[in-house]
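So that you can tell them apart, the chains are marked A, B, C and D in the order they are listed, and the count of residues begins at 1 in each.
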């Protein structure tokens, strides 16, 4: 089980700020995003595109990062602090 | 007649903060400095060297600047504001 | 230690607190970001800043640590506000202090550039015609 | 308008005064120079700043004008203190405000660099071993 958090525009598109998801064996962030898109009926491009960043346990990761049980995953739309 | 002002280390070396000097026809800042050095018995290098800047009427000038009557000339040792 | 806070900050007090802690300080360079009244051709009324609690704080700490490693500075500080901020109000303050000025300029500019790229903070603009998340790096 | 003054200045107040005059301001970059306790291998007690009255003010005004012409900034301000200044006290403050941060960094750094080269101000260092005019550009 992993916790998945959405922020800003992604949160509005998915309609949730966080969900929980089961992961099967060795699953990457990218694969998980595909499954979530299907399950929550949002287009895959919403959760998988070049402008997004991903984080696992508060660290930036790439979409091929291998998840493990208990991870906190986050989908970060283009940052605009400052 | 021109007014000549000295600052910081130059003022201490010449022993004066300002003097008045007659100028003859078309005289440059450099030529005037040579005459002042002789008259006030300081080495020519004190008033003529590559680290100095000159100003006439509050504008930076080169040593070949032609003086005219009533000018205010200044000898500026290396600046160290800020 | 960086700060992420709703309240405003006092720019002079923060710079002074940093410089007076270190007698070697010769230069303090600061960047202050404030809300512009105009953006992308629209009149702005206010901004609303959302952040990722936990990650934003952690990444800001890492940013200060990296700045100290990367540049010959004596200290640095980042303060970023969250929530609703209106026109002409402070958003972010970044200070770098050093013995000589050049590195303080480099460090301060590097920190604000890196903050914009790495820190999970998002800005919603409320203009006279609507509201939208800002999703580019001007 | 630049200022050459004996009194100290309030950094936050000066930055705030400048940014609040212009609602287009997105960025304010400031450089604050303070007296270091250590210079050229000697412990410093205080500095004494002499200037060329008339010329210093005029050249500072020209410096602000040139910065406005050279960079896409909204406004700028230079304040330099004169007379005796002790360790950790403020010497000089330079502020540049702009819509976007990059030009404010460039303008602020250019102004302090140019001030050091062009403005007739001289600094005498009083160290534990003696006093001397500073005659180089570190």
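Basically, contacts are C-beta pairs under 8 Å (C-beta built on N, C-alpha and C of every residue); 3 or more make two chains touch, one makes a residue touch a chain.
Quantities reported herein were computed from a predicted structural model and do not represent experimental measurements.
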{"item": "Chain whose mean Cα position lies farthest from subunit D", "value": "A"}
{"item": "Subunit A and subunit C: spacing of chain centres that average the CA atoms, whole Å", "value": "27"}
{"item": "Where subunit A and subunit D are represented by their mean Cα positions, the distance between them in whole Å", "value": "48"}
{"item": "Where subunit A and subunit B are represented by their mean Cα positions, the distance between them in whole Å", "value": "72"}
{"item": "Length of the line joining the C-alpha centres of subunit C and subunit D, rounded to whole Å", "value": "23"}
{"item": "Per-residue overlap in subunit A, given as positions that touch at least 2 other chains", "value": "none"}
{"item": "Numbers and ranges of subunit D residues touching at least 2 other chains", "value": "33, 112"}
{"item": "Touch-based graph of the chains, sorted into line, ring, star, complete or other", "value": "line"}
{"item": "Chains grouped in pairs wherever the two touch, ordered by label", "value": "A-C, B-D, C-D"}
{"item": "Touching residues on subunit A, where the partner in the complex is subunit C", "value": "5, 7-9, 12, 51, 53, 55, 58, 60, 74, 76-82"}
{"item": "Footprint of subunit B on subunit D - complex, ascending", "value": "33, 49-52, 54-56, 58-59, 80, 91-92, 112, 115-124, 133-137"}
{"item": "Contacting residues of subunit C [partner subunit D, same complex]", "value": "10-13, 15-16, 19-20, 23-38, 87-88, 99-101, 104-105, 108-109, 112, 138"}
